[in-house]
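In this document, chain identifiers A, B, C and D correspond to the written order of the chains, with residue numbering beginning at 1 in each.
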Amino acid sequence: MLKRLPGRPLFFHKGSAMVKSQPLLCLDGISKDFYGTVVLKDVSFTLEKGQILGLVGENGAGKTTLMRILFGMPVIAETGGYGGRVMIDGETVGFSNPFDALDAGIGMVHQEFSLIPGFTTTENIMLNREIKHPGIMVELFGERLSVLERATMRTRTEKAVQRLGVRIDPDMLVSEMPVGHKQFTEIAREIDRENVRLLVLDEPTAVLTETEADILLAALKKLAADGISIIFISHRLHEVLQICDKIVTLRDGTVVKDVPAAGHTVRDVASWMVGRDMGAARAVQRRTLEAKEAFRVDHLWVDMPGETVKDVSFSVRDGEIFGIGGLAGQGKLGIPNGIMGLFPSGGHALLHGKELPMGDPKSVLDAGMAFVSEDRRGVGLLLDESLDWNIAFTAMQVKGQFLKPVLGGLFRLRDEKAMRELAEDYIGKLEIKCTSCKQPAKELSGGNQQKLCLSKAFALTPKLLFVSEPTRGIDVGAKKLVLDTLRHYNRDFGTTIVMVSSELEELRSICDRIAIVDEGRIAGILEPDADLADFGLLMSGQGGSR
Amino acid sequence: MTDAGIKGRLVSAVRDFGWPRVIIFIFVVLLFLAAPFVGVSVSASLSDVLNRFGQNAVMVLALVPMMQAGAGLNFGLPVGIIAGLLGATLAVQFGLTGWVGFLAAIVLCLPFAIGFGWLYGRLLNKVKGEEMTIAMYVGFAGVTFMSIMWIILPYTSPNMVWGYAGTGLRTTITLDGYWTRILNDFLAVRIGQFFIFPTGVLLFFGLAALGMRLFMRSRTGTAITAVGSNPDFARAGGVSADRMRTISVVVSTVYGAIGILVYQQSFGFIQLYNAPLYMAMPAVAAILLGGASVNKASLVNVMVGTFLFQSILTMTPSVINSILQTDMSEVIRILVSNGMIIYALTRKSKVTK
Amino acid sequence: MKVPTQKPKAAQMQAQTKTRRILLRLALLVVYVALAVALFIFNRGHTVLVDNKGDPAGTFQAFELMKVSIDGGKGMEFFKGDRDKFTVVGQRHRIRIEFPDGSKPAFEGRFIVPLGGDLFLLSVPKMVAGLEPFIEPFVVARSPLPSEEDALPLVPDVPEPILGPDGKPILALPTATPADTAGK
Amino acid sequence: MKKPILLRTIFADNLVVVIFLVITAAAVPVSGLPLLSIAQEIVTRIGRNAFLVFSLILPIMAGMGINFGMVLGAMAGQIGLIFAVDWNIVGVPGLIFASMIGVPIAALLGWMAGEVLNRARGREMVTGFILAFLMDGVYQFVVLYLMGFIIPLHSITIKLSRGYGVRNTLNLDAVRQTLDRLIPLKIGGLTFPIANYLVMAVLCIFIVWFRKTKLGQDMRAVGQNQVVSHAAGIPVERTRILAIVISTIFACIGQIIFLQNMGNMATYNAHKQTGFFAAAAILVGGASIAKATIPNVFVGVVLLHLMYIVVPRAGTNLFGSAMIGEFFRDAFSYGVIALALVLHAWRKRANADSARSGLRGGAAGNRTEPPATIAAADAGAGK
């Protein structure tokens, strides 16, 4: 399943032949595409023993995919393997599943905790690697009836935690731990493996307090000193610069910079991350909008798992397209979801000066707002139902449309005919490709499903429209059409639009102003034609919030 | 279209419908085919099946709204049945007979059904995911609790209370002289020697089904379907899932109450105390047999399912027994009904997420 | 790929433990079966009808009075023509016969009941007279148990029968179709 | 934020127990039963029923809720007993023989049940419940039609007169109460079935030991989070199946102990209520569908049966009708199960909220001052 790129010299031949020791890890011309869409192009870099490598890049730059390849996630093989070679100690390896990677001494700490709440630190660190004491039952009924040696496990744990240079009670339940302890427990679990040589940490500091983060960084340096190599993925560039020996910057699936960390500033790295040749990204020409305020948000907090919003305030002008950007997991998605009442939220939101109740979707919709969710299949659509259902449903429930009275208005029934007409109207307008408006939504392509979601929103003729990740996972043609449609509704019907997207270029191409969200707060609001490095800075935890 | 292609499509269609259903369907057909050879009159059995169909179909119908709302199989149907029993006993108590009595029973049971249904619905909303288990025990608890009530409630009608004690209702109360088979015999048409077409009861089922259809096509009904199909979508659409689920439970309970009344008039007796305990089972089995999945059910499922299931109940005792010379019908019934439920529970729910 | 060196050794070790365990488990299985068989053989209960009847043909006579005890259990007195039953467990048994009237010395005997049978007739006079076979299977026409509960289990239609408060089955729907019940 | 919820949980845990205590305490004097005889009843019933209740612990530990499928084990036990009686194997050996026949069958059924439940993730309980019904049909088919027809029966005394199938009621003279009487002990007018208690003690030791084993650990892990367990390489499905298998085997032995005390067996009904009584007992004992301990079992058995003894009498004395009392105790037991399930669901939600409470309230979020524990760790990092 390893596609070897023909005629490529080995990496360290290409690099100066005076490589003293074999590099621990060497990625050589890694490339990967998912059904044609290229996500990694010829990625090559090396990692020496005991080095800390900072891997930075926007969402979709390919960090995740790269780590998946390194870790032998099955999804890679299922999608046709990858090109190039992964070498450990000069040996080409091809892991078919994460357990192989573990055996080869690669440990991964994922962003979300994989801990068992009701278990103690020890039990979690030793999970499925418990130290067993065989007995007659083992002989008769198999390994799993061996008794655990808790005492030994406990000492092992203490040793592992000690290595991190922190103190965690080995008998503390994870469910009662502060978030920092959980993170350390995860790391401890990885380094407890005898043979662990390479540790991959994906945004380890994202959930930590400042102090906790500092402790963690110290711990990582300690590990590196012990000779464990580390790949450190973080959007907090100052942290990256603080501990990394070298920084690899990915953009659009290629390595744009592979340099030693020393002597670079956050600003440099930020600009490498987001920087594109200005030709590609032509920002919209500024418009002069009357300053009338359409919508304002004060001290909004939203408890949306993975996209927590801590304290966000902004104001949107009438007829404006307001962009909200930022890296994944920073809370930008939480904003619309919270305001629309889909997740527990607090604070104030005012539409044309009228206070909107929190956590009550109905009245928010009644007030004239509409929302195109980023979770198309989960929230956006009734996948098993027909297109006209999908388009008309919300309008029916909110506005009581598409109902016809029967028995002299005794009660009202679905007006299938009106629904079909509506559906066909939008199918025409947005060029939705489908067999008929009776086709179940699940059979449409991603792009057309997205158009369907838009139609659903437009059918409400909203005063203010939230669109969340409108172009995620759809092809270029559909992208353009979706954006044009939004622009069209904004320009011609004066619909105020708040657009949330991880694609900076997209925001810059359509929005009048762009707010960047970082760690649950608005890091800053910029004009679309502002310097890219500034966007980068705001995204990298260097924003105004601190 | 190549032959292989057609075959493939056929197989996939069958798989979609579910092998067990197909097998059972074939089984039923065979039963009817075999009947004449073992001296069982097809026409008699057929009219028998039709009677039982009318007798049970409304109770099966009662399951539809909750399944559509994603609240699962209503094992708590006895809650509705209790309401029905209250209606019936009250009507008898007031000495109402004939159509008046039957309609009065329906009217009298409605407030109970709505009340119970509402409480029951509120409860189920608190336990999303475990609805079915809890529904079952709520049903059991309700039935046994009512058993106490049957003893201590101050009923006096001599046709219902124990002769010697003068208080406390009997376990079975005959409806003779009240509304025995009032629907079954209404406009019943005798064709040939054995075949009687129970127009009335089928008509009544038709009405009930129509009512359900209209409800499911109303704004609320639409919302209920959406909630069952994707709660998050419904919520984003400003629909309160809990409210819709509660409504669906209430409707289900009301239909359950009416269902038992239809059952009784056809059966000729009111059965109290523990009789309702497991009455949900055959209904559930029937609708699943009709091709419903745990969270999608249609009127077609109801009709097909009830017909098949009742055919099995009617035919196996006569046909199978005369073939095997032993009474296997009970075992077959248990295997078919519960097997069907297990099959549905273990099948991945059809809803795409 | 880092462990090719110790692989054979490890494999060997594994093979050893594997065989050891297979053997141990087989042993366990054997013990299990053996125990079952042993229980079966040594704990079957048999009923032995001991009688004190003479042979009509006169080859042996019944005793006036005898006291019989089996396997040292408590004895039973038999007058002429009596017959009574002992329950014994296992196959080999000792029987002791005493004559309270002192007409004869006490008699010690042994007998074996075949594994298969349940009910045997042991004729003491025959035994004492040393005639074979003094013990033979005793066949009854039909079960000694009363058979009033010989009906098919009550298996009603729709609801499963459930045990009420104290194990008495609760009323359940009759199987009958409405047509039939109309008659009731 | 955490504490009040904890307190409420504790209250909720014991709510069921408290209600039960109150009712029974009130009923005891009304029933007018002499305390000694009540005590005697309890003593016997612990010996008789507790083992069955124990069989529920492991599946709860493995996060599969209450294993209503344990009824399958009960059926296996009954089949074992049928053979023991058929061949008239006398006394305690007879019981052991019955178990040795029953256990393999139970294991087989348990495995099957496990497979089924794995296909019904998230609705294990109701599936197990229906599965019990389904297998009851199979049991009936085997015992009523195959036994004496394909499966040889030795003794005519247990056959139906038609020549095949087993009688409705089987009398267990050969083994009746042999275990109870094995080691008799009388203390102040109370007779204790010591042997039963010893068996139970062994079982408890096993459970305690089992919790310490790798398999036990895995079960707990799987019970709490299947995804994480799977990611850690624990064979989730297999573990769940094993939990059910063991539970079914226990149920098999438990049913045998139960029946030897009863002295005769309703061939086609004896197993039907087993699941219900066991579930009621363990829940009354304060267990939830996520956590069950050995004390839960004993408390539960005592309370439930105390109520089953006194309430009908109380009913008779109060309303002059035993039926009321009987219906009441049934309604109550059913209600308790429902209540316990509801409480559990409610509690789960409450905990989930409290877990995320830290992330709410926005500006006052958790970014400000670090927890003291970390400060300590800081010092650790220093040296």
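What we mean here is this: a contact is a pair of C-beta atoms (placed from the backbone, for glycine too) under 8 Å apart; a residue touches a chain by one contact, two chains touch by 3 or more.
Quick caveat: nothing in here was measured; it's all calculated off a predicted structure.
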Item checked: Most central chain, Cα average position -> D
Note to self: Among all chains, whose Cα centre is located farthest from the one for subunit A?
What the structure shows: C
Check: Does A-C or A-B have the larger number of C-beta pairs in contact?
Finding: A-B
Item checked: Approximate Å spacing (C-alpha centroids) for the pair subunit A, subunit C -> 73
Next item on the list: Measure off the straight-line distance from the CA centroid of subunit B to the CA centroid of subunit C, and report it in whole Å.
Entry: 50
Check: What whole-number Å value describes the gap between the mean CA coordinates of subunit B and subunit D?
Finding: 32
Next item on the list: At least two other chains touched by the same residue of subunit D: list those residues.
Entry: 133, 136, 140, 144, 327, 330
Next item on the list: Scan subunit B for residues touching two or more other chains and write them down.
Entry: 273, 281, 330, 333-334
Note to self: Multi-chain contacts only, two chains or more: what residues does subunit C have there?
What the structure shows: 152, 155, 160, 162, 164
Item checked: Touching residues on subunit A, where the partner in the complex is subunit B -> 340, 342, 361-362, 364-366, 371, 373, 375, 377-385, 389, 393-394, 396-398, 400, 403, 406, 411-414, 442
Next item on the list: Under the touch definition given earlier, write down the residues of subunit D that touch subunit B in their complex.
Entry: 65, 116, 119-120, 122-123, 125-127, 129-131, 133-134, 136-138, 140-141, 144-145, 289, 319, 321, 323-324, 327-328, 330-331, 334-335, 337-338, 341-342, 345-346
Item checked: Partner subunit A, residues of subunit B touching it in the complex -> 214, 217-219, 222-223, 225-226, 229-230, 232-233, 235-240, 296, 350-353
Margin query: So in the complex, the part of subunit B that touches subunit D is made up of which residues?
Written below: 72, 75, 123, 126-130, 132-134, 136-138, 140-141, 144-145, 147-148, 151-152, 168, 273, 281, 326, 328, 330-331, 333-335, 338-339, 341-342, 345-347
Note to self: Show me the residue ranges of subunit D that touch subunit A in the complex, using the header's touch definition.
What the structure shows: 209, 212-215, 217-218, 220-221, 224-225, 227-229, 231-234, 355-356, 358-363, 365-371, 373-381
